[in-house]
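Each of the two complexes below includes subunit A, the first together with subunit B, the second together with subunit C.
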Partner chain A sequence: MTDQLSKRVVLWGLVWFSIVTLSLPTVIIIGASFTSGDIIRFPPEGFSLRWYWELWQLSDFTNALLRTLYVAVICTLISLPVGTLAALATVRYRLRFRRSIQVYLLLPFTIPLVVSGLSMMILFGEMRILGQLWPVGLGICIINLPFMIWSVSASVNAIDPDLENAAMNCGAPPVQTFLTVTLPAVMPGVITGGLLSFILAFNEFLVSLFLTDSRTVTLPVQIYNSIRSIITPDLAAVSVLYILIALIAVWLLDRLVGLEIFLRSK
Partner chain B sequence: MPLTWRFLDTIEALVAALWPARWRGATGWAFLMPALLLVGVLVIGLGYMLEYSLHELNLATYRLRDEYALTNYATFLNRPVYGTVLWRTVLGSVLVTGITLLLAFPYAYVLVRTRVPWVRKALLVTLFLPFFIGQVVRAYGWLIVLGREGLVNSLLTGLGLPAQDLLFHFPAVIFGLVQYMLPFAILLIVPAITAIPEDMERASESLGAPWPATFRHVVLPMAWPGLIGAGVVVFTLTMTDFAMPEILGGGTTDFFASAIYDSFFQISNPGLGAALSMVLVTLGSLIVAAVFALAGPGTLGIRGART
Partner chain C sequence: MNPVVELTRVSKTFGDIRAVSEASLSVARGDFLTVVGPSGCGKTTLLRMIAGFETPSSGEIRINGDRVDVVPPYRRSIGMVFQKLALFPHMTAAQNIAYPLKMRRFAPRVIPGLVKQYLELVQLGGLGDRRPHELSGGQQQRVAIARALVFSPDLLLLDEPLSALDRKLREEMQLEFRRIQRELAVTTINVTHDQREALVMSDQIVVMDQGVIQQAATPQALYRQPANRFVAHFLGVTTLLDGRVVRVGDDGDVAVQVGDTVLQARGVGQALVTGAPVDCAIRAERIGMAAHGQPGLDNTVDGVVLQRIFEGDRVVYVVRVPALGDAVLSLFDRDADVHETTTEGQSVRLAWQARDLMVFAKQT
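Up next, the complex of A and B:
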């Protein structure tokens, strides 16, 4: 019995350390954002919504927020169809060179982000499209494509191919089979992937740093630039926005597909 | 619903006209094409990067010379500062990988083995919330925790101890990176632990093995592919990270990505920056290949493949 006790103590000791490490920045940011003082310190001085109000007044931040949302929507709209079709193709169809295709499609994940970001900066610069907003969405979509393909292919792996054959046998033409049998079956993966694309794009920093300039700066880059100059509590208020969106995403993911889906063995 | 039927029939006819049945064999490739093209954008960009790295900067005009030369690679080898930064990057990545796996493994184990639904849910939420918050925001959180007037220092002064300079040193960067990598590592280890039948552990324990022995000889070997996969992902992501060393290191503990950034934007030498990028890509791939050769491809080798 003492054996089981010591196992619990050691395991839970390490788990609690992880829990604190994972949650501490989030909790601290929320606390600090309500300060009424002029500088960030902990514990905060007093309680006020002052910095949220000041943030609302700063057009720099509200514009950056709108641009970030635009970029994230473009990224999600591109990666949803592209990633879903690619996942179906790599798992369902017998393609030649399948291993090479998989390695190729994983490139955005295996190439370091700094290098991908700078490569696309050079390419977009040569194409004279740097300085616009849509290439930022496209670039972020490319570097996160493996995540989209990966979440959909997990669902594709789980479909029984006989379902499609049954639909075809009963006379359903190909498009109808695709829309009424295949697509609903992979929906959990598509939802997870879409959510992931949006959140990753909304948070993407490094690639945005290279692909934006002072007129098209997105929110993570704006936060980074402010951290490098003066740290004021309005940054904590923006960060709370990020925390809220992450909370909504976790809640949505749990409602739509269930977080437990990630506990399955492959 | 005849209207939907008619609508579907039209689409069906349209698709049949645009994509005749004898092309059916190529449908897979048609599905794949958009993704191949998107990744192609990145590949073309990398081609430009390689091309840039082979041209020396003309200091008179601040443009790259037309003729090909290996000068930029020679600069990387000759300046000791790049060796120092590279060594710090690799050392940091080894440390971060070790600490992250040490923390991620018990977390994943408890997450899979707990029988209490709400504990599992709470652990999952604790894991996913930071996963969905970007690096910059999390680094900012650490600035408040570790800063001069931050949480740790107010606790220290509250206890009558002197305040410490915690930020802008190597340990702060390591700690920030561990926190960033933890969710990735846990999510990659979890499937490996799910695949271990609990009876295996019970069998070992009922034969009298104390739990550390069961862990060492039963659980760890069976979870090995997951640990290798997680370790490789954490190592490569850390080795190429920019934001954490930059924000929490405050310029004193640059990683290799910062050196690339500086070549492009501080000394405005894109040729050198491109050469350093190529070095980073090559080195990263070599290390991953070496790990796979020594320890097997782990769970990454079969990702997406049907088994």
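Up next, the complex of A and C:
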């Protein structure tokens, strides 16, 4: 009896400890962002949307935000077809050198971001595309591709290998089979991977730091630049923006995929 | 008229594995053929070659008289129900059934009518809007059957679609399959490792072992006249005995020595010669058990009950017979009165007719 009790106490203690430590920074930052004072502090001084308004007024930040969105969209648009096809090809079809290809595709994950960032900076510099915005999206896409591939691979592994045979048996030529059966069946993984790519690109700091300059600076880099000068509550407001976007992504995931995965579980 | 499907010496090898070896068979229009054999004997491979998912290593496959070596699966008029059904999870039951119609370019205006008609044929009227995961195992089976049949294929292939079901549902679905198959008169090849299913459902049965067709015959002929030891053992509950031919008479009558006893028996298949080693087989239901010798039965031996297994409608006795070289025989008894009085360790007398003891030349 006491054993049971102490077990429960320990378990609940751990749960609450995790919840508090994980959410405390978020709570503090959200609170601080609504301050009406001039410095970040918790608990906030009064309540106002002042710093959100200030942020909105700062063209540096809004431009950086727009650029970040652009980069994230580029990254997602490249990840979607590349990641999906790579996952399908390596998991599904008996390619030669399948294992080596799999390892190769996951390679970016094992290389420190500093190294990838630096090498891409040099490469893009040589190609004379450094200073434009789209290569930032491409670079971030490359380093985050493993997440996309993993996500789709999980879906591919979950589908019955006879599903495509069934489609062909129903009279569907290979292209139709792919479009009407294979693709919808891996859709949950594609959506998850796509949202993941978007969020990761939105947050990516280190690689962006290497690939951007003052004209193409993205939001994470902009924030970094700001903390080096003065720390004002508008930074808290930006952080809240990030939290908001993450929440929207989770919500979307739940709406689009949570449902799908649920439907697919037999 | 051409058979719907005709296989001539078809083989398939995967590396060193010979999955199917020199298989020849043909199925007449409207027939229900079952391929039966133990796990891994090449049944699925055989079906996949007919469906076009695998290419034979050698031999030829004809469908309606035409060779199909280079015809891709989506150009063959074959409906298939897969081992794990392979219903499209993102489509409703009705969409699943409509899929082959769309892919085979049926006129859009006839599709809803056909879907409805086949939903009703498989008794799923009203469930068309459900996704596969919202249907029970038996209902999913029915969707898969409807999807395979809705475009009126020349041939229906069933790859053990019933093996995942519990026994009662399986027996129900066997009869259901048979009803639909008769109603539509569709030529069917069914694959199973369930001997009962094969006997119940088929016009013709093909028994396979290790990629080789052992025998092809009607269910009754197969059960009564097995071609070899494997077939005899595979169907029914059968005891196998090693023996030696003592005398060969007319009309297949033979005398064989098993252990210290000479038994009257019936030769099956290949001709037998005196002195040759043979396999003898006897089915459990052909052995009678009695306290005293039953007059009129050709063979009588004494034994001791090792095991007594109650199966409801019958009791299975496992009996050791010293006179047959300590052979262990299985037999059934349906007489409830005898069940009460027979116990393990008791001596019993077994008897059977000469024609029930089948003798096969030893296979090399």
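In this section, the second predicted complex is superposed on the first by the 258 of 266 C-alpha atoms of A that agree within 3 Å, B and C clash if a C-alpha of one lies under 4 Å from a C-alpha of the other, contacts with A are read in each partner's own complex, and residues count from 1 in each chain.
What we mean here is this: contacts are C-beta pairs under 8 Å (C-beta built on N, C-alpha and C of every residue); 3 or more make two chains touch, one makes a residue touch a chain.
Worth saying up front: this structure is predicted, and the values here are computed from it rather than measured.
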item: Subunit B or subunit C, by number of subunit A residues touched; value: B
item: Touched partner set for A:Asp213, first subunit B, second subunit C, both or neither; value: neither
item: Contacts of A:Asp160 with subunit B and subunit C, given as first, second, both or neither; value: second
item: Subunit B versus subunit C as contact partner of A:Pro184, first or second or both or neither; value: second
item: Partner chain in contact with A:Gln176 - subunit B first, subunit C second, else both or neither; value: both
item: First (subunit B), second (subunit C), both or neither touched by A:Met168; value: second
item: Intersection of the subunit A residues that touch subunit B with those that touch subunit C; value: 173, 176, 260, 263-266
item: Contact footprint of subunit A on subunit C as seen in their complex; value: 51-53, 72-75, 78-80, 82-84, 86-90, 99-100, 103-104, 131-133, 147-148, 151
item: Complex contact set, residues of subunit A against subunit B; value: 3-4, 6-7, 10-12, 14-15, 17-19, 21-26, 28-29, 32, 39-43, 78, 81-83, 85-86, 88-95, 98, 101-102, 104-108, 110-116, 118-120, 122-123, 126, 138, 141-143, 145, 149-150, 153, 157, 173-176, 179, 199, 202-206, 220, 223-224, 227, 231, 235-236, 239, 242-243, 245-247, 249-250, 253-254, 259-260, 262-266
item: Contact set on subunit B toward subunit A in their complex; value: 8, 11-12, 15-16, 27-29, 31-32, 34-36, 38-39, 41-46, 48-49, 52, 102-104, 106-107, 109-112, 120-121, 123-130, 132-145, 147, 149-151, 154, 175, 178-179, 182-183, 187, 190-192, 194-195, 210-211, 236, 239-240, 242-243, 247, 257, 260-261, 264, 270, 273-274, 277, 280-281, 284-285, 288, 299, 302-306
item: Complex contact set, residues of subunit A against subunit C; value: 160, 162-163, 165-173, 176-177, 180-181, 184-185, 187, 260, 263-266
